[in-house]
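Heads up, there are several structures right after this.
You will see two complexes here that share chain A, one where it goes with chain B and one where it goes with chain C.
Moving on, here comes the complex of A and B:
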């Protein structure tokens, strides 16, 4: 039993490491995770920075303090999408079939991909934290707050990665998973990722207020701009668990369907 | 079409026009046969337009804003983004043609290189109208003000110029890297060029480095020229010519770079 668990952990580790290497080797997978969110962060911070003067905007030292969490979540959403694309490419090229023929747990295959996405999530969180600190962001909750942000970003990367994996396993086509890319921005714009929900125009403002992504963003943002409250913390945890549950559930169903029908 | 022994410059001859026409028709065929390929170029700027209008809509309350509805302010940016993405897609298609060897056959033909390049990029200027029409339809449906016929014509002319400029940029990158993997660079280049302008707010409201970059970025003039009709309801020559001039400069620069790339590609 323990030997089997260790074997599966080794499989998860190997597939996770492969997933991370694959992302760093392919610019088309790396660009959406790091380059685009960093560019957008830099441009939006300077372009819409005057927004902190609006009535009702939370007290912040600068717009970058507010935007940092949005950039992190954007990056993890895109990391989840990129992970799904890479998994679909594996299916198209027959790599997944070879794994299925190997004496390893089916779920270890998916978990391996998600482990890689979690590592990428943590790496992007560190990247954006470094950018923030260089450009004057003050994390109100200090080092524990920064560690909590990294944890939340990694967990949300797993959750979004699970959704990407579910679509990849169901369709087996990279172009379909790639087609979700614009949807990522729809979800982002309908959340508090880039602006406080109560300052977003209606009807988007009301959607943002109840969008689970807003709870995740607020959980990542609060340690930077104020003191993290238990309510915000548990809402963030609940939203991540909800998204993860949906992703894992649909992945399991899609994998079962794939095994039953052979494609 | 008769083969010629030496490539000559200029687009005046009948053969040159036939080559350009054939390449434009090939590109148009791609839209008809693979309509899904046009979706990202249409969908992405539309989502950005709707999203940014909602998210940053309250920015117009800030003193210094030149309009009271953010849709009017942001729609020219989205029009340029649509043209930029469509142009960059031409570069991706060119990279695919290079990977599959089709571009080698084009270069081996007796058609002059500027003619081949013109055929490839002029199609982008027409394709750029597809996202523009969709965006304008969505925009007018949600309350964007009518820019006047002259404002609309100026905006569409600039969209076509932007499509050409982005296609030349994409072609330069495709010829340099010879791989579709360079697609993010094509898109990121246009994305940066368009957004490091007065895209989000007027110049006096931009902060830090972006204020300086936007002041010298030629795209700022293009955006402002396209924006004037939507914001003021009228068009003046004084607001238009800097945009046209900057766009012509960008096209000349990228065309020179792409032609140099073609020469190097053919020699390698």
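Moving on, here comes the complex of A and C:
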């Protein structure tokens, strides 16, 4: 039993490493994770910086302090989507058959992909933290706050990756998963990622207020701009668990369906 | 000892498609069994069921003594699989892929690396091992796929159309490797649409058409069933129909292939001279004449009514030998 668990953990590690290498070797997977969010961050902070003067805007040292969490979540959402695309490509080219014909847990294939997405999430969190620190962001909660941000970003990457994996397993088509790209931005703009939810006009403001993504963003943002309260912390954890649960649940169902029907 | 035992295996897709319609077969340990059939005959679906990638709709199958449904994990531990179109990640290097395969089969890291290196060397990919698979030729991909299927030393090896799309040199290299593996005791179940491949490699051949096995036996016994040799006549010019009429007097006409008139000679080789005389008397100039011993293609034609390779021309019903039940 323990031996089997250890084997599956080793397999998940190997598949995670493959997933990370695959992303670095395929520029079209890397670009949405690092390049797009960084460009958007640069454009928004330079063009909309005066927003911090609006009444009701959180007290921040600069707009970049506020925007950093949004860029991180944008990156993890797109990492999840890219992970889904990569899994769908594996299905299309038959690589998943290689995994399914091996004596391992069949869900290891999904967990391996998610492990890779988590590593990418951590890497992007470090990237944006570095950008923030270079351009003058101060992490109010210090090093523990930065570590917590990296943890939240990694966990949310797994959660979003699980949603991407579910779509990939259900459809088996990379172009369908790629089609979720615009949806990612809709969800992102209907949250507090780039603007405080209570300053967004109705009805978008109400949607943003209850969007689970807003809870995740706030959990990542608060260590930077203020003190992370227990309420924000648990809301972020709850939102991640909810998204992860939905993603894993649908992934398991989709994998079961795929194994039963053969495609 | 039986390596693969299949009884009444069926697979339906939806209500209308019956891809495999009650296949029965047995493969002895140490045997090379070729599953021969055209595209869409049910070869790959059968292999996918035997390799636990697809659940059967009905029937039973055991591989290396384990049931493919109830004991799928044990089956997966006992088999090596190289599927159609060499499903390899083009972004990985050959070495990375074979090491991943070793991990998937639970080999300790050092052991996996040692076997991986030995196999890369064996299939002639040691110098290309650090190149990405995307830069490999079709033959190199197939050899890598074969090597990765062997990393855990499987008892039974499934090869799904291992040489489809390969040039003759690469095809021969794969054949040699398969023969070597078999000599070392590995049972090989291969699907192919190439008659020559089945003829060259297989101890026994199962011909599958429309989801059913229509003939089974050694290549020699299957050909012997067909019996008589046939004559292949090429005319210098035209009058194909008249030539067919004339040769039909000497035996059973067979479906034309590549512009040649074919007849299964009733009197064997002794009928060649009379056929030539008859054509000459009719004023038909013969360009070439070949007396051809029965091949697996003839067996295939006899059992299914059409050629596996070449044209798709239907055979006249009277030319068909009644398909017998597989042995």
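By our rule, the second predicted complex is superposed on the first by the 263 of 263 C-alpha atoms of A that agree within 3 Å, B and C clash if a C-alpha of one lies under 4 Å from a C-alpha of the other, contacts with A are read in each partner's own complex, and residues count from 1 in each chain.
The rule is simple: a residue touches a chain if its C-beta (ideal position, glycine included) is under 8 Å from a C-beta of that chain, and two chains touch if they have at least 3 such contacts.
On a predicted model such as this, the values are computed, not experimentally measured, just so you know.
After superposition on chain A, the partners chain B and chain C are accommodated together without colliding.
When the two complexes are overlaid on their common chain A, residue A:26 makes contact with chain B and with chain C alike. Of the two partner chains, chain B is the only one touched by A:185; chain C is not. Of the two partner chains, neither chain B nor chain C is touched by A:133.
Of the two partner chains, chain C is the only one that A:11 touches; chain B does not reach it. Touching more residues of chain A than its counterpart among chain B and chain C is B.
Legend: residue contacts after superposition of the two complexes on their common chain; A:93 is shown touching chain C, with no touch to chain B. Of the two partner chains, chain C is the only one touched by A:260; chain B is not. The gap separating chain B from chain C at its narrowest, counted between C-alpha atoms of the superposed chains, is 13 angstrom. Applying the stated touch rule to the two superposed structures, the overlap between the chain B and chain C interfaces on chain A comprises residues 26. Within the complex, the chain A residues that touch chain B are 26-28, 30-32, 35-36, 39-40, 42-51, 53-55, 63, 179, 181-182, 185-186, 188-190, 194-195, 199-201, 204-205. Against chain C, in their complex, chain A makes its touches with residues 7, 10-11, 14-15, 18, 21-22, 25-26, 90, 93-95, 97-104, 259-262.
Listed in rising order, the residues of chain B touching chain A in the complex are 39-40, 43-44, 47-48, 50-59, 61-62, 180-185, 188, 191-192, 195-196, 199-201, 205-211. Residues 13, 45, 48, 51-55, 73-74, 76-77, 79, 81, 83-85, 87-89, 91-92, 96, 100-101, 103-106, 132, 148 of chain C are the ones touching chain A in the complex.
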